[in-house]
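Below is one structure; the comments refer to it alone.
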Amino acid sequence: MLKDLLTPETANVFVGKLGDMLEKAIGKPLGYAINWGRIWSLWPVHIETACCSVEFGAASSPRYDVERFGIIEAFGSLRQCDLIVVQGTITRKMAPRLRLVYDQMPEPKYVIAMGACAITGGLYFDSYNVLPGIDGILPVDVYVPGCPPRPETLIQGCLLLQEKIKRMKARTIV
Amino acid sequence: MSSDSAKPTTDSKPEEKPTTDSKPEEKPTTDSKPVVKKPEEKKVELPAFEKSISDKIVEKFGDKVEVAFVKKDRVGINVSRENVHDVAEFIRDGLNYDHVESVSGVDYPQDNEIAVVYHIGSYSDPSLARQLLVLSTRAQREENPIPGSDATRLPTLRDIFYSVEFHEREIFEMFGVYFEGHPDNRRLLLPEDWADIPPLRKDFAIKGR
Amino acid sequence: MGTATGIIRALNSGIKHLAVKRFTLRYPEEKLKFVGDGYQYDPSTGVGIAGLKGRHLLFHDKCTGCQLCAIACEGVAEAIAMVKVPEQHKHNKKAIMPQIDYGKCVFCGLCVDACPFYALYMTNDYELSTFSKEGLIYTPAQLQVKPYVAQDSEIIITDRGASHG
Amino acid sequence: MTTELPTDIKSTSSEIQIDKPSSKWLPPGLALQKVDEKIMTLNVGPQHPGSGHMRLIVQIDGDYIVACDPDPGYVHRGEEKMAEYRNYITNIPHLERPVIHDSCNILYPYVLGVEELLGIEVPERAKYVRVIAAELNRCIYIMYWLAIYGIFLGHSTMFMWPTGDRELLIDLMEKMTGARVTHSHFIPGGVRNDLPANFEEVCLRQVNYFEKRIKEYAAVFYDNPILIARTQDTGVLSRQDAIRLGVTGSVLRASGIDYDVRKKEPYDVYDELDIQSIVMTEGDAYARSKIPWLDMMDSCNIIRQALQKMPKSGSVRVKLKPNPKGKGFDTVYKRVESGRGSLGCYIVSDGKPEPYRLKLSVPSFRNLIALPYLLKGEKLGNMPSVYWSLNYWPVEADR
C-alpha cells in the first residue's frame, strides 16, 4: 500500500508534508528556545541622546538593578547589541547619527522609545530643531512614557518587551 | 519650518518699543514697586560703588558711551560699535574686569538693530566679585540675512577677553552677527545642513505660534 | 601612602560591603511607598499638597469643562485635549472633559494647579508603558478610575546600611 | 605629562584646518582631513561611552593629542527661542530640562530674575525650603557626575556606589516635590507645595547617613593610587589661564581662585548660612574631581544648618495673578552657584506676559572653552578624565 502511495508524482508532496510535521514538532520549541535566549540577553547600545540617560543610569543603579532581568547591561560595542533605547530628544543633528547606529546593529533588534520627547516630541513639540517622535526613523517596539520615566516604568517597559519577544516568531527575523 | 520663518512675526508691536536709552537718573528697577508688600515709594539713590565705576568710564570716554542703568551690583553701558573695542580694552586694563560671563544677543527688528550684550565680571579683584558690567552694543540688522557676508558685523572682543570665543560663535549662528577678527566663525550648535535664517531672530517663527 | 597600602585599603573598603545589607528594591514584587495619594492642589490657599506626580485622576462630578487645564498645558506640552463625554452634568453644559496623552505629558502638575474646582489630581500610578502610541491616550473614562498601587517598602537606615525593609 | 603653557594663549581650535562651508562641504566628521602623514583625525562620539551627547574631533600624533575641536549641539533644542513664546509660569518645566538632575539649581536664577521683574517678596520659609532643595539637588548632580567619572576611568565600583547612594537623596526630593528628577518645584513667589509631615526628621537622618557613606569614597577612589596616577598632573589649568578662559565652578576653584556665587553674591538666605568654598591650587584633573566631592560634604552641612534655622511653619508661596507680567522694558541678570558653577539667567522683558528674550548663561558652555586648550599635548588615554573633570554636561551646554 505504501508502495502505491509513493509514486514519483506524490513523493514530493509527502516530503513536503514531512517537512511541515518536522517544522511543527521542532520548529516551535526551537523558536521558543531561541526567543528564550534573546529575552535574557537584551543588551543595549550605549547611546545617550538626551537627558533621559540620567534615569537610564539610575535604572542600573544598585537600587533598581535592572540587570536582574538580564536586560540593559552596560555594554561596549554596538555590533553585538540587540536593543536600542532612545533616551529622549532626537534633534535634527542627531537623527542621521541615530539611524546610522541602528543600521549597524545586527538583526534581530528592538527599539524602546524612552521619554515623552522620543515618543511625540514632548515639551519640544514646537521647537525648530527637534523631531516629533522617533517613529519616523526607527520602528518602535515599546513606548515608555514620562519625562523622564521613573526607573520602574523603564523596567516595566523592558518586561513588556520581553513578553513581546516571547510571542514573536523567532524566524521571521533572520 | 522654512516657510513659516519667512514671514515676520506679528507680536513685535512698534508701540512697545524696547529701548535701552534710559538715563542713569531713572530709578533702578531693583526698587520697582512690589506687588505684594512694601507699597511705599522710596527715594532712590544710586549705589555709590557702582556709580564710581560708571563715572570712571564716562570720564574716560565722555559722550562716546552712555550709561544705561546703575543698579545694585550691575552697571550697564551702551556703546556704539565703533568704540566697543576701545571701551572693552579700558574695562579690562583700567577697571580690572577680566572675563566675560555671558554674551547674549537681543533682536530689535523695530530699531533695525541687533544688540549684543556682554556680561563682564572679575575673578582677580575681590572688590569686584559681586559686580557685573553689562556692556551693550548694537549691530546693524539686515532684513534678509546672509550670515557672514552682510552688514551685520561687529568687532570681536576675543583678543581682549579670550573667554568670548565660543559665545561669539554662538551669537554668529543664532543671530547672524559676524565678528570681524574672530578666527573661528564656524557653526557650533545648529545642524550642518541648517539653511534657514538664524533662529533666534524675531522674524523666525516657530511651528504653530 | 604607598601604592600597595592604597590598593589594600581600597580592597578592604570594598570587602566590608559584603556585610552591608542589600539596597536593591525588588521592583515588580515590592513597590515603593510614597507620601500621600499623589500631588494635589488647594486653590483656596494656593499651595499644593506634597505627593507623587503620577497619572491623573479626574473627578467627573466636579469637572465643569472650563478648559483651564488645557490652557495651562498649551505652553508646556499640549498633552490635554478637551473631548466630548456622553454623560450629562448640570455644571458641565458643554459636556467636555480633559483627555490626556501620556506620550506628551511631562508630569509637571501645572494642570492640577490650574484647576479651580478640585477636579484634577495626580495619583501614585506610574506604570504606563505600552506597545502602541494610542494606548498612551487616556480618555476621561479611563482617567476616572482610581488606580490601586501597592505601596510596601521604604528606605530603612540601620547600622548595617540602608535597605528596603 | 604637563601642558606647555604659552604666555599668550593662541587659538587651539582654529588651528584645525576645516574648510569654510561650501556646496561640497561635508560635516567635519564625515570628511577625512589629511593634515599630515603622521597626524590622524579621530572622531569620538556622539555614540561613544566616553563622549556622551557630543563629539570631539581630535587629531593625534601617535598617542598625543595635537588638537581638539569639540562639536556640541547634538541636543540643541532651542530652549531660548521657545521661552519667548511661553509665559513666566509655563516656562518653568522647560527651563529645568537642560540639567534634569540639577533641575532646582537651573531654575533658581530664572525664578529669582522673574521675582525681581515682577517685584515679588518671597516668604521666609520658602527661602529655606529652596535652599534645602537646591543643596540636595547639588549633591544629586555631583553623585551622578561622579558615577560617570568612575565609568570613564574604568572604575565600576565608583559607578555603583554613587548611583546607589544618590537614591537616598532622590528619595528625599521625591517626598518633597513628587518627582524623582524633574521637580518643577520652584515658582516665582516661593515653592509649589509645603514639606510633607516629619520631613525634617527623615531628611536629617538620610543626609547624615549619606555623609557617612561619601566619606568612604576616599578609601576606594580618591586615595586610590591608580586614580592618582591617572589624573594627577593631567590637564593642568593654571590660575592665570583659568581667569582668562573665564571658566567657572569646580574648575575655577581647582585652579586656586576662591569664587563661589553663594558666598560672593548671596541669594535668598545663603548669607545667613556658613559656607566654605573649597579651593585647591593644583589645577589638574585630580583637584577638579576632588572639589565636587568636598562640596558635597559642605552641602550636607548647609542642609543641616538650614533645617535648624528654618521657620517651623508659615506660608511657602505667594499667590500670583494669572499671566503675571513686568512693567515696561526691563532687563535682569541673576546668577546662582549650581553644581557646575555660576549659572546666570538674563531676561529681557517688554511688559508682556512672555519674556522678550531669555538667555541662560550655563557653566558647561563656559567650561567647554577650556577643553581644546587642556587636551593639547595630553595622551589620548587621558582624554576621558580631562573631559569629564571639566564638569561638563552636554545637554546643558547645547540648551
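Per-chain numbering from 1; labels A, B, C and D assigned in written order.
As a working rule, contacts are C-beta pairs under 8 Å (C-beta built on N, C-alpha and C of every residue); 3 or more make two chains touch, one makes a residue touch a chain.
As the structure is a prediction and not an experimental result, all values here were calculated from the model.
Seen from the C-alpha centroid of chain D, the farthest chain centroid is that of A.
Looking at A-B alongside A-D, one finds more C-beta pairs in contact between the chains of A-D. Centroids built from CA atoms put chain B at 49 Å from chain A. Rounded to whole angstrom units, the spacing between the C-alpha centres of chain A and chain D is 34.
Rounded to whole angstrom units, the spacing between the C-alpha centres of chain C and chain D is 27. We define each chain's centre as the mean of its Cα atoms; on that basis chain B and chain C are separated by 42 Å.
The set of chain C residues touching two or more other chains comprises 23, 76-77, 106-108. Counting partner chains per residue, chain B shows two or more touched chains at residues 190-192, 199, 204, 206, 209. Across the assembly, chain A contributes 62-63, 91, 93, 123, 125-129, 147, 150 as residues in contact with two or more other chains. If each chain is drawn as a node and touching chains are joined, the picture fits none of the line, ring, star or complete shapes. Two chains count as a pair here when they touch; such pairs are A-B, A-C, A-D, B-D, C-D.
On chain C, the positions that touch chain A within their shared complex are 23-28, 31-32, 76-78, 101-108, 126-133, 135-136.
Looking at the complex, you find that chain B touches chain D at residues 11, 16, 18-20, 22, 29-30, 32-38, 69, 73-74, 76, 98-102, 104, 106-107, 117, 119, 123-124, 129-130, 132, 134, 161-163, 165-167, 170, 183-184, 186-192, 199-200, 204, 206, 209.
Taken in their complex, chain A has these residues touching chain B: 91-93, 125-129. If you check the complex, the residues on chain D that touch chain B are 9, 11, 13-14, 18, 21, 25, 27, 72-73, 76, 78, 80-82, 85, 116-121, 242-246, 248, 252, 257, 259, 264-265, 318, 321, 327, 329-333, 335, 342, 344, 346, 348, 350-352, 356-357, 359, 361, 365-366, 368-369, 398. Within the complex formed with chain C, the chain D residues making contact are 85-87, 89-94, 157, 164, 167-168, 171, 174-179, 182, 184, 192-196, 205-206, 209, 216, 219-221, 223-226, 228, 315-317, 319.
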